[in-house]
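Structure record follows, encoded as structure tokens.
Think of it as A, B, C, D, E, F, G, H, I, J, K, L, M and N in the order they're written, each chain with its own count starting at 1.
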Amino acid sequence: MDSVSIIAVASIITAGFSTSIGCMFPAMGEGKSVSTALTSIAQQPDAAPTITRTLFVGLAMIESTAIYCFVVSMILIFANPFWNFIIAK
Amino acid sequence: MDSVSIIAVASIITAGFSTSIGCMFPAMGEGKSVSTALTSIAQQPDAAPTITRTLFVGLAMIESTAIYCFVVSMILIFANPFWNFIIAK
Amino acid sequence: MDSVSIIAVASIITAGFSTSIGCMFPAMGEGKSVSTALTSIAQQPDAAPTITRTLFVGLAMIESTAIYCFVVSMILIFANPFWNFIIAK
Amino acid sequence: MDSVSIIAVASIITAGFSTSIGCMFPAMGEGKSVSTALTSIAQQPDAAPTITRTLFVGLAMIESTAIYCFVVSMILIFANPFWNFIIAK
Amino acid sequence: MDSVSIIAVASIITAGFSTSIGCMFPAMGEGKSVSTALTSIAQQPDAAPTITRTLFVGLAMIESTAIYCFVVSMILIFANPFWNFIIAK
Amino acid sequence: MDSVSIIAVASIITAGFSTSIGCMFPAMGEGKSVSTALTSIAQQPDAAPTITRTLFVGLAMIESTAIYCFVVSMILIFANPFWNFIIAK
Amino acid sequence: MDSVSIIAVASIITAGFSTSIGCMFPAMGEGKSVSTALTSIAQQPDAAPTITRTLFVGLAMIESTAIYCFVVSMILIFANPFWNFIIAK
Amino acid sequence: MDSVSIIAVASIITAGFSTSIGCMFPAMGEGKSVSTALTSIAQQPDAAPTITRTLFVGLAMIESTAIYCFVVSMILIFANPFWNFIIAK
Amino acid sequence: MDSVSIIAVASIITAGFSTSIGCMFPAMGEGKSVSTALTSIAQQPDAAPTITRTLFVGLAMIESTAIYCFVVSMILIFANPFWNFIIAK
Amino acid sequence: MDSVSIIAVASIITAGFSTSIGCMFPAMGEGKSVSTALTSIAQQPDAAPTITRTLFVGLAMIESTAIYCFVVSMILIFANPFWNFIIAK
Amino acid sequence: MDSVSIIAVASIITAGFSTSIGCMFPAMGEGKSVSTALTSIAQQPDAAPTITRTLFVGLAMIESTAIYCFVVSMILIFANPFWNFIIAK
Amino acid sequence: MDSVSIIAVASIITAGFSTSIGCMFPAMGEGKSVSTALTSIAQQPDAAPTITRTLFVGLAMIESTAIYCFVVSMILIFANPFWNFIIAK
Amino acid sequence: MDSVSIIAVASIITAGFSTSIGCMFPAMGEGKSVSTALTSIAQQPDAAPTITRTLFVGLAMIESTAIYCFVVSMILIFANPFWNFIIAK
Amino acid sequence: MDSVSIIAVASIITAGFSTSIGCMFPAMGEGKSVSTALTSIAQQPDAAPTITRTLFVGLAMIESTAIYCFVVSMILIFANPFWNFIIAK
């Protein structure tokens, strides 16, 4: 296996699993947040605007961790410095 | 095993497992959200529109993490830069 | 092992496990949603139409993640670009 | 190990485990749904028809994910395109 | 190891574990359903016929997933197309 | 390792673990059912005959999944078609 | 490693682990049943005979799954057809 | 590694782990039973003789599964037919 | 595999998994915090400003652990001293 | 590695892990029993003698499973028949 | 693989996983603390200053364990005595 | 690797992990016992002497399982019969 | 791989994972303690000084276990007797 | 790899992981004890001295299991009889 192949293989595998593993728990966390928001709105409909606003800020924070993984994944596929170095060589 | 084979194999395996692993927890999160939505509607039928609207926004956020994985998977199958580089060589 | 065999083997294994792993948690999520729907209907029979409608939308969302995996699996068996490339060669 | 053997082995193993893994969680999900249905009927006998109807729709959705796996498994045993290609060669 | 041996070994191992893994969770799901049925009958003896009928339909659905695995297992032992192909050769 | 040895070894290992893995969860499921039956009898002694009858039907269903595994195990030890083929050869 | 050794080793290992794995969950299930029986007797001392009788039937069912494993284990040690075939050869 | 060594090694390892794995869950089950017995006696001191008697029967059943493993372990160390065959040879 | 390749591969794999593993639990922790914040606001709307302020400080602390992992990951991709040493050599 | 070394190594490793694994769950079971005993004494101080007596019998039963493992471990270190056979040879 | 490469690889992998594994549970612990703080403030708004102060001390303690891992990670990347020794040689 | 080295390595590794694994669950069991003792004293201060006495007996029993592991560990380091045999040879 | 390299690699890997694994559970334990402290202060503001003092003693005890791991880690990096022996040789 | 290296490596790895694994659960157990102590003090401030005293005795017992592991670890690093034997040779 030459250098080009092995770096390509490592990038493909890491990019795929990095996104899929990194998206597991944010999905759970968001599910938990959304489900509590629904319970809270049902319990206190008057506070719906405050709850919704807080929910969106929280979802943004949680989604950000999934974004980090997606970004790393995209960097590895489309802007991989190690790959660029090797194919430039 | 030549370079073409090994990159193809890595892409196939990663594409398949990336989608299947990445779809596990969003499904749980959505199940949790939907089930809480149903409880909330049963408990406070008057707030149904607000609950439904919040639920759909939440589902969209959660589904987005599954979409990330599906997108990575499709990129690896149909627009894989490493594969293109190798078969172009 | 020649290139044709190894790509075939990788496709077979990935297709099988991708579907089976990807169908595990949607089944749990749907089971959770359905069971909560039944509790909610028993508790508030008047809200049954709203609950049923929300349930079906939710099930569709959850089922969609299982469908993604099934689609990837079918692509790998019947429309696999890597396999087509190899046997065309 | 020649190509025919290895593809046969991969198909056998994948077919078996794909069904058995893919049937685990649907069974749990159905068990959960059925058990909640029984609780709900005991709690609100008047809503039994609605509950039963919703239960059957839900079971069908959950069973569908197990069916996907069984279908993939059957395809791999009886209509495997890779196997057909190899033995035709 | 010749082709006959390896296919036999793969069939034996897959047949055994496919049944045993595939029977684990249906047993749990049925245990859950039966135990809820007993609770429900104790709580609402008048609804016993409805509960029993729903329980049997549910058990049949759950048992079906275990049957799938047993069927795949029997196919692999007694009607294995790959084995037939090899020993016919 | 000749063919006879390897098939014997695979049959021994599969037969043993298939029974032991396949008996784990039915035991749990039966334990759950029996324990709920006892609670239900203590709570509603008048419904004891109905509860006992339903319990026995349920235990039979659950035991059946353990029987499947034991049957596969016995087939592999005493009526193994692959073994018969090899030693006949 | 000759055939005799490897079959002996496989039989020893399988016999030991088959019993030990197969005895794990029945022990839990029996513990659960016994503990519920004690709670039920404490709660409804008048129903003690019915509870005890049902408990013993249940324990027998659960113990039976452990017995299956012990039987397979004993067969592998003292009446192993594969071993008999090899040493007869 | 000659036949004597490998059978000795397999017997040692299996004997040790078979007992240790097989003793794990009975200990949990007994702990559960004993702890429920104590709760029940504290709650209903008058039923102490019945509870104690049922507890001892239950502990005997649970202990029996641990005994099975210990017996298999002792057989493998002190009355191992495979070992006897080999050293007799 | 020469030194350049192996260091590149190790950096790629570590960078990807370090971010994805390190983002799992912060997402859960944030989900837990956000969901409790929503419950608290629904329960005590008057304390919303204090709750929101404490929530944001807490989210910042939790997010910081995810940031550590992302930083390590970026260092490994874009400012890796080992890589710089090797390619300078 | 000669026979003496390998049997010594297997005995050392098995003896150590057999005790440590076998002592895990008895410790949990005893912890559970003791903690319930304390709760029961606090709840019903008058039943303290009965509770203490039952607790000690139960602890003895649970400890016995840990003793089995310790005994197997000591046998393997100080009275190992396989070791004696080898060094006698 | 020469000494320089292997030490570099070990440092990269250890640095990455050490931070990501070491940041998992502190994030959970902080999430737990923050969420309890929010519940407590909602329940007893008057004690908010004391709660907040205790929370910050606690978060600092928990964060410290994550810092330990980050420090070890930074030492391995930027002040690694083993690396310095090797490249000085 | 000569006999002396391999027995030394096996003894070191087993001694270390045997203590660390064997100390895990006793620590949990003791934590559980102590925490229940504190709850019980807070609930029934008058029974403190009985509770404390029972607690100490229980802790001694639980600690004993950790001691077994520590003893095995010390035997393996300082009084290892296999090591003595080898270095005497 | 010469002796220097392998000892360096083992020290690097052990130092990193020892700290990260050893910091996981103390973080959870501290999170649990802090969160209970907050609940207790909210419930009984008058006992805040006693609670805070006990909390700090407890946190110190828990932190000490994390410190042990960090100390071992630092010893392995900066005062490793095996490394000193090798490089002195 | 000569004897000196391999024993050094085994000692380093065992020492590190033995401490880190052995410190996990004591930290949890102490966290549980401390958190219950805080709840108990908040619930019954008058019993604070008794609770604190019992807590400290309990913490000492739990800490002792962590100490065992730390001691084994220190012995392996600074007073390792196998290492002394080898370097004396």
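Rule of thumb we're sticking to: a contact is a pair of C-beta atoms (placed from the backbone, for glycine too) under 8 Å apart; a residue touches a chain by one contact, two chains touch by 3 or more.
Worth saying up front: this structure is predicted, and the values here are computed from it rather than measured.
Student: Steps needed, at minimum, to get from subunit I to subunit L via touching chains?
Tutor: 4
Student: Along the shortest chain of touching chains, how many steps lie between subunit A and subunit N?
Tutor: Shortest path length, in steps: 4.
Student: Quick check: how many Å separate the C-alpha centres of subunit E and subunit N?
Tutor: The separation of the two C-alpha centroids amounts to 46 Å.
Student: Averaged over CA atoms, how far is the centre of subunit J from the centre of subunit M? Could you give it in whole Å?
Tutor: 30
Student: What is the distance in Å between the mean C-alpha positions of subunit D and subunit I?
Tutor: So the centre of subunit D lies 37 Å away from the centre of subunit I.
Student: Listing for subunit I: what residues touch at least two other chains?
Tutor: 1, 11, 13, 15, 17, 19, 21, 24-26, 28-33, 35-37, 39, 41, 43, 55, 59, 66, 73 - these are the residues of subunit I that touch more than one other chain.
Student: In graph terms, nodes being chains and edges touches, is this line, ring, star, complete or other?
Tutor: Ring.
Student: Beginning the circuit at subunit B and going via subunit C, which chains come one after another?
Tutor: Chains encountered around the ring, subunit B first and subunit C next: B, C, D, E, F, G, H, J, L, N, M, K, I, A.
Student: What residues of subunit J sit close enough to touch subunit L in their complex?
Tutor: Listed in rising order, the residues of subunit J that touch subunit L are 1-2, 4-5, 8-9, 11-13, 15-17, 19-21, 23-39, 41-43, 45, 48, 52, 55, 59, 63, 66, 70, 73, 77-78, 83, 87.
Student: Sort out for me which residues of subunit L touch subunit J in the complex.
Tutor: For this pair, the touching residues of subunit L are 1, 3, 6-7, 10-11, 13-15, 17-19, 21-22, 24-26, 28-33, 35-37, 39-41, 43-44, 46-47, 50-51, 54-55, 58-59, 61-62, 64-66, 68-69, 72-73, 75-76, 80-82, 85-86.
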